Every structure is written in C-alpha cells, then in structure tokens.
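First chain written, first letter: the chains are A, B and C, and each begins at residue 1.
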C-alpha cells in the first residue's frame, strides 16, 4: 500500500516568512495537462503593501552589505538549489509539461545562472563605473548604486530559469524585490522561496507574491515607495501600457516586457544596468 | 550697467567666524591650538573665486581712478646687492614725481630700500613720502634676534618710518609658532612710531592653510600690514593668496575692530594686474581699504606700466617706453 | 569714492538676428505649413528679438520624416569614423562662433554674458568634441561588441541653458548614429536656430538634425509621433510624468531629466570662505534657473548664525542688472511666467513664517527681475523647502549631526544633486555614499563636464547624460534576455 503523502500549503513569501494572503484567497494551479496540483495563495494589494514595507526595510541592510558578502549569499542560493535539483526538476516538468531531460536542463541552467550572477556582485561596478577625466582640477568618479525597491513580473514560461534570470540581476546590485511568478507555473517559485529562506538571504530582500499580475501590479506601479518595475513577464501590451502610465506618476524606472526572451543564452549586463543609478562625485584636487 | 547690492546697514555686522576664541595663551601650545583651529582653505575654490574676480571689466572714469589709486599705492622698490646711493636717489626722484610730463600724476606711497640706504632715501624725499626699510635679515630671515633687532633699530634711527620685516619661515614650518610670534612683537616694539609690515613669504609657506595661519599670527602679534612676499622667491604675490590675506584682514577687523593693511609684493607687472588687485580689495574688504594707508603694491616695473596706461587714457592713443623714465 | 567699475557692455554687433525664422527641416529653413508664428523677447528689456515659426502637426511630421529618411539612407549607413568627423566640424564651428553664440544666448535668455561666455558656450563645444570621439569607438563603451543606434530621436529641451541642453541631447545622439528632431523652449529658440546654421556650415547631411520651434503643443506632437524611436526630455517633473505616460505602451525608449531641490550641506569644519562661494554659486548662478541648484542650504546648527551673516555680507557684492554688462552677476528672470511662479512661492515662504532677506539691489524698470533672496528659519515642512522655485531664492535649514543631514537631504521626492562642505575626507566619502542623488559635489558646486554623467534619482528623472553611461540612452543593444 503506497504511502499517503503530506501535501504542501503554498503560501506567499514576504519578509523572509511564509504568510497566507491577508485576503485569505487562493487559486487553483494545474499541471500542463490540466490536472489539479495545488491551491496557491492569491496575493492582494495589502500583501503587496506589506511586501513593499518588507523590501524597503531589507534594502538598507542589503545595499550596504559588501559586494563580496552579497556574492557569497548569491552563491549559497545556488548551493541550496543544487541540493534540491530533483525537486525542482519534477516541479518544472509538472508545471510546464517538459520532458525529464529538458526540465533538468532548465533547472541546471537556473542554478548556473545564480552562480554567474554571484560572480558579478563584486565586479559589475568595475564594468559600469569609472573615473571621468574632467577638464579641471577635480577627482571625479561614477559609481553604480541600487535603485531601491523593484517590483517584477517573471516570464510566463521557463518557470525557474526565467524567474531566476529576472530575479538575480535585480538583487545582485543590492536592490530588494517583489516578484510575481508565472501564475500558471508558480510552484518552482515557491520552492525557490524556500531556498532563499535557508540561504542567508536577509528577509525582505526577495518577496514572492503568487497571484494575478494584472490585479496586483497596478498597485505596485502606483506605490510611491517602489522605485522601479520589471515588466518582463507581461504578455498583454495594454496591461503593460497601463502599468507604465501609472508608474509615471512617481517617475519609476520601467523595464519593458520581454515575454519571449531567449533565457538559454548567457545574458548581458543590461538587466543589472536597468536597476542601478549612476552617482557621480566631484572633489577638488588641491593642497 | 549693473550695480552691486548696497546699503550695508541692513544686516548686523557679522560675528567673526574665525576664530571663536580669543588668543590669550601665547605659549606655543596655545598658539598651535588657536592657529590650527582656523578653518581650512580649499585651494581650487579660492583660485576659482580669484579668477572670477579677475574677469571684472573696469572702464573709463573707474579705470582712470583705479590707475591713479594704484600709483599712489606703490612702494617703489630697489633691493639689489648692487644698489648705490646714486641708484636710490634716482628712484626717489621718480617716486616723488613719477611722470615728468604731467604733474597731476600722484606720487607713490613710499620708497622701499635696504636699511643701509635709508639715510640717502630720507634725504632725497624729505617728508613728502614714506621711506620703508626692509629689515630682520631680509630676505632670508636667518640671523640671530640681536642682529634682527639691530637691523630694525638702525633703520628707524636713520629715518625709516616703515619697516618691512620677514617672518622666520623655518620656525613656522617646524611648528615653533611662539618664536615667530615673539619676534614680531619684539620688532614691533623696536619700530617705535614706525609702522610694521610683516612679510609672510607665501611662496615658502606653500599651502593656503599656512598663509591663513601666518596672517592671523602676524596680526595678533601686532602687524600694521601683512605682506605677501620678499619678491626674491617665486611665486611671489598672486591674486588668490592676496584674496586669502584680505579675507583674514576682514575677519580680524570684525573680531577686534583693528584695521590691518595688506601689501602685495613681487610679480605684479601690469596695470591690468594692479586693477585686478583693487577689484579683489573692493569686493573682499570694501572701499575703506582702497587707499595707501591700507593697501600697497611692492613693485618696480609696475609703475611704468601704470604711467603708460595713464598716458593712453589721457591722450587717447597707446604710449611707448620712450615716454616713461627708466628710473 | 565708490569703485563702481563703470558700464562694460559686450558689443551686440557680433550677432545678426533675423526678423523672422523658419523651421529647420531636412537641411533647410522652411515656413510652417499653417503659417503660425510667435515672438521671442529679450527678458532684460522686453524688446522683441524675432518672429519664430510655430511648428504644427504637418511640420512635425515632415521633420520626423526627414529624420527617418536621413537615418535610413545616410546616417545609419555611414561609418562611425565619418560621423565623428562631422561632429568634430560642428565642435570647431561652435568654438569659432563662440562670441556670437554667447551674445545671442544672453539676449534671448537673460543670463549674464560672463556666464554664457565663460561657462555655457565652452561646455557646448566640449560636448560636441567629446562625443565626436566616441562615434567610432562604441564597441569599447561596454555595451557589447556591436551596439546600434535607435533610429530617430525626439528631443525636447528647456530654456535655462538653451544651447548647452541642445548639446547634451544632440551630441550623444549623433555620435551613436541616430538622427534627431529637437524642439527648443519657446522663450529661447535663437541659439538652436543658430546651431541649425552651423549644421549647414558643417555640411551635415540634410535631415540628420532638424529643429522645430514651438511651445508645449509642438513638444507633445513630437513626443507622441509614432515614427520616433527615442524620446529625451529635460524640463519640469510635471511634464516629464506626462511624457512618460504618453510614451507608455509604445516601443520608444525614454530618458528624463527633471527637477530638483538639492541640499547644500555645510559642516562646522568646512572651508568657510569657499563654502560661501559654493553656496552663492549654488543658488544664484544662472539666477537659480538650474535643476541641480543648491536651493536648500543645510547648515550645521553650531555655525549657522555666523555662516548666514557671512552669506549676507557676500550677497551685498552681487551685481544685478544688464545681462550684456560683463560685470553683471545676476541677470534677468527668463519670462513673466517664471517670475510669477517665483513670486508666488516666495510669498508662501513669508506667509508660512520663514524670514526673508535680500540685499538692497536697484532693479531696472523694464524686464523681469528678482533680487537674490535668502529665507532663514526654514524647516522641511515649508513649501519653500519642498517645491522647486527655479529662481534666486535660498532656503536655509539647520541640522545637528551627519546622520540628520543625510536624512534631511534625502527627505524629498527629488534626487538630482547634493553639495557637501567639510574638510574631513572620511566624512566626505561617507556622506557621498549615503545621499540619494545622481550628482555629489564635495567642496565644490555646479561643475559640469561632457565626460561626467549627469542625471537624477527618484523624481528627478532617469537616465544619464554625458560620459560613457550617457551613451546607453542612444544605443540599442542586442539583448537576448
């Protein structure tokens, strides 16, 4: 007689903890064939509000950690994920209907991508920042700083690799993020949350809100304490346009939708660049 | 036309920023704490301010006035090893009547000579202009206190009514502020009624912070004038360093009510330069200082350039070296 | 005897202002299709300088079409090396005609000739010179081995540094291979039109640069034109938000450089005399019409009284008057509209209880003028501490500790620039690290350079202009993800 399994309650990930939605709502997630998998928490605007608070609180500490420290934390995420390779593979396979091999490849690529970004943490400043040879007796340097709190929509497919590719570049530079994973394939995101919770990532640096981006993103777009939006996973142009119009009210930096990006290829630094601010400092050179 | 804000009656006289304590302890420790407590000077900012002031354009009747004022502020100087009584007499004649073709031209403020030629100079100028003597082992200042005192007293006895002393830069740079202070106090006493200019030799002090400290040290010790340079070391007077010294004088006046003069010496060759200095005086300490009792130029060739410009304004065309005397 | 300096006017004869100007489209000056014109005046005298064409929809369409044609047929096919040479030509022509351009700028804008001559125009030439050199080196700029231009750029600029803002926009756009349609501000079109003449003298291919004069409507039409690939705007935060809304949902790339309310922070160990100069320069340079102006003076409380007194003493020597006089420090306010805004906000300062002071400045009868003004006893809650006045009005607040200074400096939706005055090196760097602004000036203020990226945090905008970072706004990078 086969064992009765213990089924997981899939909750939100806010401030390093796993609360249910304050609205109490859930929605059904099915596998690629339409079979029921689980009831997953459906985030509300109040959850979004709480996530912003958690993200803002975490931002100060995360952004003032040394780059070396951040790099080590990102690497640890990869370590913890490695240990859960099989779990991720089967969840990705279930969610996206991929073959075992393709699912495993996607998971491996995602883990390797965390490693790639871990290596960037203490280097991108050298690629993006510099001194400037101004025409006068001044020392002048430009440095990248994280923009603050970012609200992101992960791609609809590539449930772990797409999510990683959106998430990692945002936090590498010290930002805190609220990310909404693919509504139809959120389970790998929740497993990722568990990895984050056990890998030295300070609570609030990454917040994962499962649910409907079209419902929640407008609240985040208007929220005056969110600095930037990543609309990568939005497929509906009209929704993206509305959200961006709302974001204009507080001059947020907006990364445009890119729902069908090629996640398999090594990225450029473009995503890191989007969510940093360049600060330029002048000081006289004198005796 | 643009006019400056005027009406300096509408705001309270500024309480001096620097320093906030009085100088009561003139031991070396006390002086060090006092002087090192003065605010720093940002070199780039100071030089930028001087450069902006140098863009002021002074024309027509203002320029004519500035030229005459500058002439009246010149300490006509000869400080050469090869100076002779003949040279000094020629200098004095020119000092009294700079332009032989025009007796509306003002006299200079003073002649400036080595101590052993004071008698000759005083005989030549009578009481009409000042006779300033350099003293205290000018220009190096490296001699014993007795020698420096003797140098001073002799010059005063011979008829100098102004003494230009040098500070001990070695003592200053090694932090022996008390020695510098006490020397100035002693020389001031030896001057009797003669007024004392204290030469900081800014070219050897090197940093603007040092110039600020030396300025305050000299003023607290009783200087009537602070002077930039001996003219024997480069750089001598510059617009930024003079601006800095004028700021010190301004703040000292606010703090104590005493007006100290400033003399810019060495390296000022053209009327354009001289007018720039007057602009700096005007916009830093104000009109009160725009007279020979509170501002001087230590110069020799400057006088001829001022005369050439004076001719140009008078005659409407450019003049030439044949129309001014070589001494 | 007061040493007055006497009037020292720059000669106007170096400029030749036409009675009327057309639009510069496809390499030629053409009349606007609807025939509408407006006037541009000298704000110091209210004298009409010229009639300016007002571009309507048909004109904007023609300009964008010309830019598109030039991009497709000529400019995008040209090597970086050749593009560089055109831009170098432009830089040299600007240097050659610098006196004329400075006088023109002063007449149209109202800023003192000393500033347009010594600051604006030299920087304009420098911007073109700097960016010319990038045109054939883009593969080294950190945007991948083959960065491409975006296409047609629509650029809308403000009236405070007319030709300099034009340079900040056009130089990088051209260097990266884009063509442009630029709309100068309606009160200051003349130097942009002179620039068009310079493009002709440089034999720049027709349509690469187009200048459409007009007001807000023209700008809106330009920004909303469907065949534009990139929008760059410098101006008020309010209009910036409207543009971001208008551009949402299109594929247009956007950069914004908006308003500011910068904190100029002075510690008790600041080099005081230079700090005073920095304060004065920070808010009275260009009559305070500067987005990065140091409009909030944050004084350490322990030295506040002395600094304010020294500041007032210094303000007595500022010379306000004829902008064409070489000795003028403070020129005219750019327009009646701007003057009204300054007056309204200044009055709010008095109404809300701050103390107002100005030196006694004789004000000319004609033209738009506002004396340099200081408000003391200002706190964060006053309107004059929060809203951008864009005039020669300084609000003075105090702080007790470095942390408090940082908090107050950052406590604003803006984030363009910050000034820090202290002799302590570690504190300079600590403060620079903590303040949330795109520019930090430590022991200096209002320094600009084409190699130095400029732009804001938060509602001061996004994107940078200048330096290698500024190129990114005008490049399209093959981005798999």
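Convention: a contact is a pair of C-beta atoms (placed from the backbone, for glycine too) under 8 Å apart; a residue touches a chain by one contact, two chains touch by 3 or more.
What you see is a predicted model, and the numbers here were worked out from it, not measured in a lab.
Enquirer: Weigh A-C against A-B on C-beta contact pairs and write down the one with more.
Expert: Between A-C and A-B, the larger count of C-beta pairs in contact belongs to A-C.
Enquirer: State the chain with the largest centre-to-centre distance from chain C, centres being mean CA positions.
Expert: With centres defined by C-alpha atoms, farthest from chain C sits B.
Enquirer: Centroid of chain B to centroid of chain C, CA atoms only: how many Å?
Expert: 43
Enquirer: Mind checking the centre-to-centre distance between chain A and chain C? Centres are C-alpha means, answer in whole Å.
Expert: So the centroids are 36 Å from each other.
Enquirer: Once you find the CA centre of chain A and the CA centre of chain B, what distance in Å lies between them?
Expert: 68
Enquirer: Multi-chain contacts only, two chains or more: what residues does chain C have there?
Expert: Within chain C, the residues that touch at least two other chains are 443-444.
Enquirer: Can you list the chain B residues in contact with two or more other chains?
Expert: Residues 42, 44-45 of chain B each touch two or more of the other chains.
Enquirer: Taking each residue of chain A in turn, which ones touch at least two of the other chains?
Expert: 136, 138, 284
Enquirer: Contact residues on chain A for chain C in the complex?
Expert: So the residues of chain A in touch with chain C come to 127-128, 130, 132-136, 138, 140, 142, 147, 165, 224, 227, 237-238, 240-245, 247-251, 253-254, 256, 258, 261-263, 265, 267-271, 273, 277-284.
Enquirer: Going by the contact rule at the top, pick out the chain C residues touching chain A in the complex.
Expert: Against chain A, chain C makes touches at 126, 142, 144, 237, 240-245, 247-251, 256, 258, 413, 428, 432, 437-444, 447, 449, 451-455, 457-462, 464, 467-469, 472, 477, 479-481.
Enquirer: In the complex formed with chain B, which residues of chain A make contact?
Expert: 136-138, 284-287
Enquirer: Could you pull out which chain B residues touch chain A in their complex?
Expert: It is residues 42-45, 206-208 of chain B that touch chain A.
Enquirer: Can you name the residues of chain C that touch chain B in the complex?
Expert: My answer: residues 1-8, 114, 118, 269-274, 277-278, 303, 305-307, 309-310, 312-313, 315-322, 325-330, 357-362, 371-372, 423, 443-444.
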